[in-house]
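In what comes next, chain A is part of two complexes: it sits with chain B in the first one and with chain C in the second one.
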Partner chain A sequence: MSKYVPKLSELKKEFDEKPSVLKGDYSAREWWDIPVEFRDGNWCFPGKPEVLADLGFANPRKWMATDDDWQLPAGWQKIISDGLQSRLKKYRSLKLFLDSCVRCGACADKCHFFLGTGDPKNMPVVRAELLRSVYRHDFPLVEKILKGFSGSRKLTEAVIKEWHMYFHQCTECRRCSVFCPFGIDTAEITMMVRELLNLIGVNNNWILAPVSNCNRTGNHLGIEPHTFVQNIMSLAEDVEDLTGVNVEPTFNRKGAEVLFITPSGDVFGDPGVYTMMGYLLLFKHIGLDYTISTYASEGGNFGMFTSNDMMKKLNAKMYHEAKRLGVKWILGGECGHMWRVVHQYMNTMNGPADFLEVPVSPITGTRFTNAAATKMVHIAEFTADLIYHNKLKLDPKRNDHLRTTFHDSCNVARGMGMFEEPRYVLRNVCNSFHEMPEDTIREKTFCCGSGSGLNAEENMENRMRGGFPRANAVKQVKDRHKVDSLVTICAIDRASLPPLMKYWNPGVSVYGLHELVGNALVMQGETKRTTDLRENTMAGFENGGDDEE
Partner chain B sequence: MKTRWLHQLLDAHKEIILQQWLESALGLFPEKMGYTTPVAMELSRALEVILSGLGSGESDYKEALDDVTRILAVQSILPSKALSIFLEPKLMLRDIMLKTTVAGTMTQEVQEAFNSRFDLLTLEAFDSYMQHREKIYQLKVEEGRRRMFMALRRAEV
Partner chain C sequence: MKKVVMPLVMVAILALLPFLGVQYAGLSYLFGVIIPYTATVVLLAGFVFRMVDWLRRPVPFRIPTTCGQEKSLEWIRYDRLESPHRFWEAAARVLFEVFFFRSLFRNTKAELHKDSNLVYGSHKWLWLGGLAFHWSLLIIVLRHSRFFFPMVPGFTDFLEHADGFFDITLPTFYSTDAVVLAAITFLVFRRLNDAKMRLLSLQTDYFPLFLIAAIVVVGVLMRYVVRLNIMPVKDQMLRLVNFSFDAPGEIGALFYVHLFLVSVLAIYFPFSKLMHAGAIFLSPTRNLPNDSREKRHINPWNAAIKFRTYSEYEDDYREKMKKAKLPIEKQ
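This part shows the complex of A and B:
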C-alpha cells in the first residue's frame, strides 16, 4: 500500500485529539497560534548537503520539513536577527515595506494561493506579518512606540517553520502589490525571508540545485557545453526534417552581432524545445548574425529566489560572456524572472553594461532605447518590431488547428510592463485568439502557481491549488470559445502549465509564443508543410496546402 | 414512486439545500472560503448542477461531480472529511421532511430510498476523487519525463 495513505489509527487520532481550525478550536486565538502542518504535497524537499557544500551555503545536512528537529545551527536566532538588521540597513525598501503597511486588506483576496487554499496566512498582508511580528519584537524602538498594539512575537523554531511554509507558498508574482495603495512589494519581503532562511540552512532543493548547476556549468540542469550543443543541433535537424531548411546555429562565436540567451528549459524540456525551434527558424528567416553561448547557457536566474548576491553572480555571467564574445548587444528569449532581474535589478547590481551598444535591430533599424541601460532586448519586442515593419513572411493559417488564449507571465507583465507586444505577435501568427477575463490578464494576471522555484513534483498539490485561479480563467475561454491552446512567454510557465491544464482543463495544450511564430513562418526554400513543429497535422494543410494561394 | 418523492422534495427546497450545502463545502477550508472567490463560484455552480441532476433523476451531474472532487482532491483536507459533504444533503432533507406536512406521509421505504441515493452519490464522489488523486501522481511522473525530454529522446528511452 502507498506510504501516503494514513493509517486508520492516525486518522482517528487526527479527528479526536488534534485541535482543528475546522472544529473552531482556534476561533478565539491569534493567527499565529494556528499550527503549521507539513503534509505530503505542500512542501518542497530541502537542499541536498552536497548542493549546499558546492555553493558554500550554511548548515548542510540531511533533513525533512516533516522532521520535528530541523537541526538548526547553534545561535540561529542571532544569525536571523543580525541578518535582518543588516538587510534593513542595506535595503531601504524593506524597512519601508515593513513599516508602512496599514493592514487595509486590499491585497488579501488578490493572492492566487489565498484564493486556491482559503488559508488566511496566504493573504499577502498576513504573510508579510509573519516577518513584521518578529521585526517589531526584535527592534525595541518600534516596539516601545507601539507597546501593546504592535502584535509582536518572539522568534522561535515554530516561527521558522511557519516562514518556511508560507514564504514557499508565495511565487513572488507581485499581483498583490498592484492593488496595494502603498505599493508594498510583498515579493521583496518573500525574497528577504528566503535569504534569511538560507543563512540557517532552511531551503528548497528545487531552487538550490539549479543555482548550484548554473553556478558551475552555466545552466539549471548542469548540461555541459558539448551536450548543450548536441541538443540544439538535434533540434536543428528536426527543423530541417520538417521544413527542409538548415537553420545553422553557431556557438560561442566571437564577433557575432548578437548574443542570444534563453532559459535552458527551451533546450531540453518539453514543450520548451518547440519554442527553441521557433527561435532558430526566425533567426534564419531574417539572417540574424547571432551566436548562442554554452557557458551563459541559462536565462533563468534562481539566484533571485535565494539571495541578492547569488542573483547578482548568475546575472553577471551573461554580461561577462557578452564581453568575452565581443557582441554588440544581447537578445533574450521567452523567460519570466530573468526579465525581472534584468529590468529591475541588473543596472544597479552589475550595470551599466558600457562595453555593449544600445541595441539596434539590424533588420529594421529600430533603436531599443528602453534597453539603453541593460543592452538586452526581449524577443517578443524584437519580433513585434519585425512584424510591424513587415519583415516576416507569415502565414497565420498554419496555426488554424489551434484556438489560442494568452497567459501574461507575471515577471514580464508586472516586472517590465510588457503587455501588448506578445499579443501583437500572436494576432499576426494565428487567426483564433481569445482573451481571458479582464481581471486575470495583463497587470492583473494570475500566476501559474509554480513560479519562484516551487515547481517541484513533490509540491504538486500546492501548485494545483495555487494555479486554480489561472486555470479557472482558462476554463472560461475554453467553455465560451473552445480555446485549446494556452500561449505563454515564460519557461516556468511552459513547464508548470501543462500539468495544471491536464488537471483542471484536460484538452488544453501549452505553447511558447515563438513556437507559433515558427509554425507560421514561410521560409525561403522550404518543403511543403503538412505538420506543425510538434508534428501535429495543420488544419487545411493535410495535403501540403499552398501558402501562395 | 420513490424517486418521484425525491425529485419533488429536492425541487421544492432546492434553494435552501443548495445554500446550506455550499456553506458546508466552503466551511471545509481553513478560514471558510469567501463566496466571491473562484473556488466558491465553481463549487456553487457545480453543486447546483448536481442537485438539479438528482432532482430530475437524470445522471447528467457526473461532470459537475468531477469538478467538485477535483477541487477537494488537492486541498489539505482529509479525504474522509472532504467527501463527507456529499452525505450532508441527506441530513438537510431529513430536517426538511420532519418540518413539512409531507413528512407524515413518508414511508420508511421512501426514507431509505433517500438515504441510499445520497450514499450512492458519495460513492460516486469517492471514485471521482480517487481518479484525481491518481492524476496528481501521474502528473508527477510525466513532469519528470518532460523535464528530461531531450535526454530521454537522445538516449532513445
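This part shows the complex of A and C:
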C-alpha cells in the first residue's frame, strides 16, 4: 500500500483506543483552540506553477502545505473578504446557510470524514463555522461589547491553513444536508471557500491539473485526440477478442443521432475501461447511431471543485460539440459529479439547448420528458428503459461468478435522485445482489472518501479514513452475504474504491454497472463466452469454449 | 464552562433590570410602554428586513437535495415529497419541514464500536424535543391572545380548554407549560451532555434557551405561585394594542420582568439564529422542485465566460487528428 497511509492494524488500534469526540470524549478544548497539523497523508500537493499560469490563476509559486510561510499574495485579506462579499450577493444559498444554522447537531455524526477521523472540525456544522466565524466578524461592535458571544474571529493566516485543510476534507457529498432541518448544504459552503482559496493561490494540484488538461485536450487525463481514438479502438479490439463481435465506434462523426459523453476515466483507467467495453457492446447490441467526441471527451468536470466560472467553461464544450456535430441529443455515461453538473447546472449555465431535440430512445420510442430541456439522458435511465421494453437479450447467469452490492454515488443520489434505475438494471443483469445496511445507501449513502478532487496518492490516509464508513458497510454484506463485487455508477468511485477495498476489505472488486451489462449481453454472432470482460472465468460457463481445445 | 455561564449571567442581569427599575426606580413607563413598543418595531422591521435581504439575493442554480427517487421513467414511482417534481410538491416538502421537522425525523446516531465497526441507530430524541419545544411555544403564544382582545376569541378558549385538559390545579394547569420547560431542559442538557454538542455549541446557542426558559418560569410564577391580578395586565396590553401611550396601572414587578424578557427576545430575534424561523421557507435545497433537466432554471447573473472552442482545439491538433483519420473542419 501507499507510504501515505498507516497500516490497517495501526488505524484500527487508533479507532479502538484513542479517545475522540465521536466516542464521547470532550477534551474541554474549544474547536478554535485546536491547531491544524499537516502531515503525510492528510493533504494534497498544491497546484504546480505552470498549471496555474496555464489557467491564468492567481499566485503561481512553489510551496507546500507543510511550509510555515505560504507566500500569500499582498492584500490577501482584502481579496478574501471582497470575494466573500461578492459571493454573498450572488448566492442566496451561501447567505442563508451562513445565517440560519442553529447548531442543533443533527449533521454532526453524518460526515464520513468525521466518522473516519473523529476530528471535531469535520463535523459539518463546525466545518461551516470555520467560515461563519470569519463572516460574523462583520459585526465587531457586538464582539467588543460581548467578547466571544457569537464565536467570531479575525481572518488570519492560521484560518486560511485551517480552511485549506478542512475544505479539502469535504467531498461535497451533501449527506449532511439530508439530515439538516433547514437543508443547509455544506457542499455549497465548501464550493465557495474553495473559490476563495483559489483567489489567493491556495489550491490542489489533483484538481487543477485535470482542469488545465480538460481545457486544453478536452479531458481530465490530458489525452490528445489520436491517443483517445487509439485507446477506445484497443478496447474495441479487446471486445472483439472476447466476444467475436466488432463494435465499430465512430468519432467526431457529424449527423449521428446521439453524442455519447462519459468520463475519460472510462477510456483510460482500470477498471473504468471495462465499463467502456460494456457501453460499446450495448450500443452495438441495439444498433445505436452514436458518435464519441475527442473534443468533448470528458463527462466529469473538475471545474466544479474550482469555481463556478471554471465549471461553466469546461461544461460549455458539451453543447458546443453537440451543435457542431448536429446530433439530436446527448447520452451521458456513468459518473457522479458529472451528473450533478448536467442535472442541476448545465442548462442554466450553458443552455438553452434549443438546437437539440427532446431525447427519444430510437429503440423503444420512449420520450425522456424528464430531460426535455437539458436534452441529456443518463445511461442508466436509457438502459433501464431498454430492459423494461424487453429490447435486450440478457443472460444474467453470466454474472453468477459475482456476488454484488450497489454503491449509490453521492451526486447521483443527492443531487439528482436516481436510485431505482441502476438497481433495476443490476437486478436484470445479475442474480446475486444484496443491499448494504439501509443507513448507508440511497439518500443516506456514504461517499467513497475521495470525491471532489481528493483522490491524490499523497492524500491516502485521509481517503482511507473518509472511505471508512463506506468500506465498513461493504464489510457487513461481505461477511453476511459473501459479497465480493461492489457495483457503482461513478468514475471516481471506480478509481477510488479499489484501493479503499484493498485496504479495508481485501477480496472485494469494483465494477461499473455497464460492465455487468456487457457481461450479460448475448450478442448476435458472438463466439462462445467463457470469461467476463476482465477475462475472469464465468461460473457455469467454464466448458463453454471447448472448441478452443 | 464560560460559554454556558456567560449567557446565564446575562439572562439573570436582564431579568433583574426591570425588577429593580420598577420596584425601586419607578420606571414602569419605560418597561411597560417604551421598551415593548420599541421591541415590537425592531422585531417586525428587523424580520421583514432580513427576509427581504435574503429574497433579493438570486438563486442562481436549482439545487434541491434529493432524498428520494426523481421523476424519470413513467413506470418508476417517484417520491413526491423527497424529490418534488411540481411546485406544490416542493411546497408540501417545506411545510412538512416547518410543521413536522421531517428531516430531523430521519436522524440517526453513529457509534464506533469495538473492532472498528460503525453502528447506526434511530435517534429521534432531538426531533421529539424540538417538536415539543416549538409546538408548545406556539400554543402558549396563541393562548396569550386573550390579553390582546377585549373579548376572548373562540380559538383561544378552545386552546385553553385543550391545554388545560388535566384540570388538576387552580388556576387550571396548562400542560404546555410543563412540556416547554421539559423540552428546554432537554435541549440544554443535550448540549452539555454529548461531547459533540458541547464542542459545537456557542454562547449564542445557550442564550436564547436560557432567555426563553426565564420567560416561561416567570410566567409560571405569575400564574400559579404569585397569582398576579391579571386585570390590570390585560388593561395594559389592550392599551398597547391600541397604540396608547398612557402610563400602566398598578401591576406587580414580576409582570415587568416577563414583559421585558419578551422584549429582549423580540429585539434579539432578527439579528440572531432565531431567524431560522424565516430561513426555513427559503432554503433552496428544500423549496425547489427537482426538475432542472425538464425546465430551464434561469440564473440572473449567468456570467459570460470564454471557453476553448472546437476550432481552437482543431487548430492545435489538426495534424494529429488527420493521422488518426478523424474528420476535420478545415484542411
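Keep in mind that, in the parts below, the second predicted complex is superposed on the first by the 504 of 549 C-alpha atoms of A that agree within 3 Å, B and C clash if a C-alpha of one lies under 4 Å from a C-alpha of the other, contacts with A are read in each partner's own complex, and residues count from 1 in each chain.
Convention: contacts are C-beta pairs under 8 Å (C-beta built on N, C-alpha and C of every residue); 3 or more make two chains touch, one makes a residue touch a chain.
Being a predicted model, the structure only gives us computed values, none of them experimental.
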When chain B and chain C are modelled together on chain A, clash or fit: clash
A:Leu115 touches, of chain B and chain C: first, second, both or neither? both
Which of chain B and chain C A:Glu461 touches, first, second, both or neither: first
Touched partner set for A:Val267, first chain B, second chain C, both or neither: first
Partner chain in contact with A:Val125 - chain B first, chain C second, else both or neither: second
Which of chain B and chain C A:Gln230 touches, first, second, both or neither: both
Chain B versus chain C as contact partner of A:Asn252, first or second or both or neither: second
Chain B or chain C, by number of chain A residues touched: C
Which superposed partner A:Pro469 touches (first chain B, second chain C, both, neither): both
Chain B collision site on chain C, chosen from 92-100, 110-118, 146-154 or 182-190, when both complexes are overlaid on chain A: 110-118
Overlap of chain C and chain B interfaces on chain A (superposed complexes): 11, 21-22, 109, 115, 118, 120, 230, 468-469, 472
Chain A residues touching chain C - in the complex, by the definition given at the top: 11-12, 15-16, 21-26, 30-31, 88-93, 95-96, 99-106, 108-110, 115, 118, 120, 123, 125-126, 129, 146, 148-151, 174, 177-185, 188, 215-216, 218, 224-226, 229-230, 251-254, 294-295, 308-309, 312-314, 316-317, 320-321, 324, 342-345, 347-349, 351-352, 366, 368-374, 376, 381, 384-385, 388, 413-421, 424, 437, 439-440, 443-444, 468-469, 472-473
Residues of chain A touching chain B in the complex: 6, 11, 14, 21-22, 34, 37, 39, 41-42, 109, 115-120, 221, 230-231, 234, 265, 267-271, 273, 457-458, 460-461, 464-465, 468-469, 472, 495, 498-499, 502-504
Chain C residues within the chain A interface of the complex: 2-3, 6, 10, 50, 53-55, 57-63, 65-73, 75-79, 82-83, 97, 101, 103-104, 106-110, 112, 114-118, 120, 126, 130, 190-191, 194-205, 207, 273, 275-276, 279-280, 282-286, 290-299, 301-303, 305-310, 313-314, 316-317, 320-321, 323-324, 326-327
Complex contacts: residues of chain B adjacent to chain A: 26-34, 36-39, 42, 70-71, 74-76, 78, 80-81, 132, 135-136, 139-140, 142-144, 146-151, 153-154
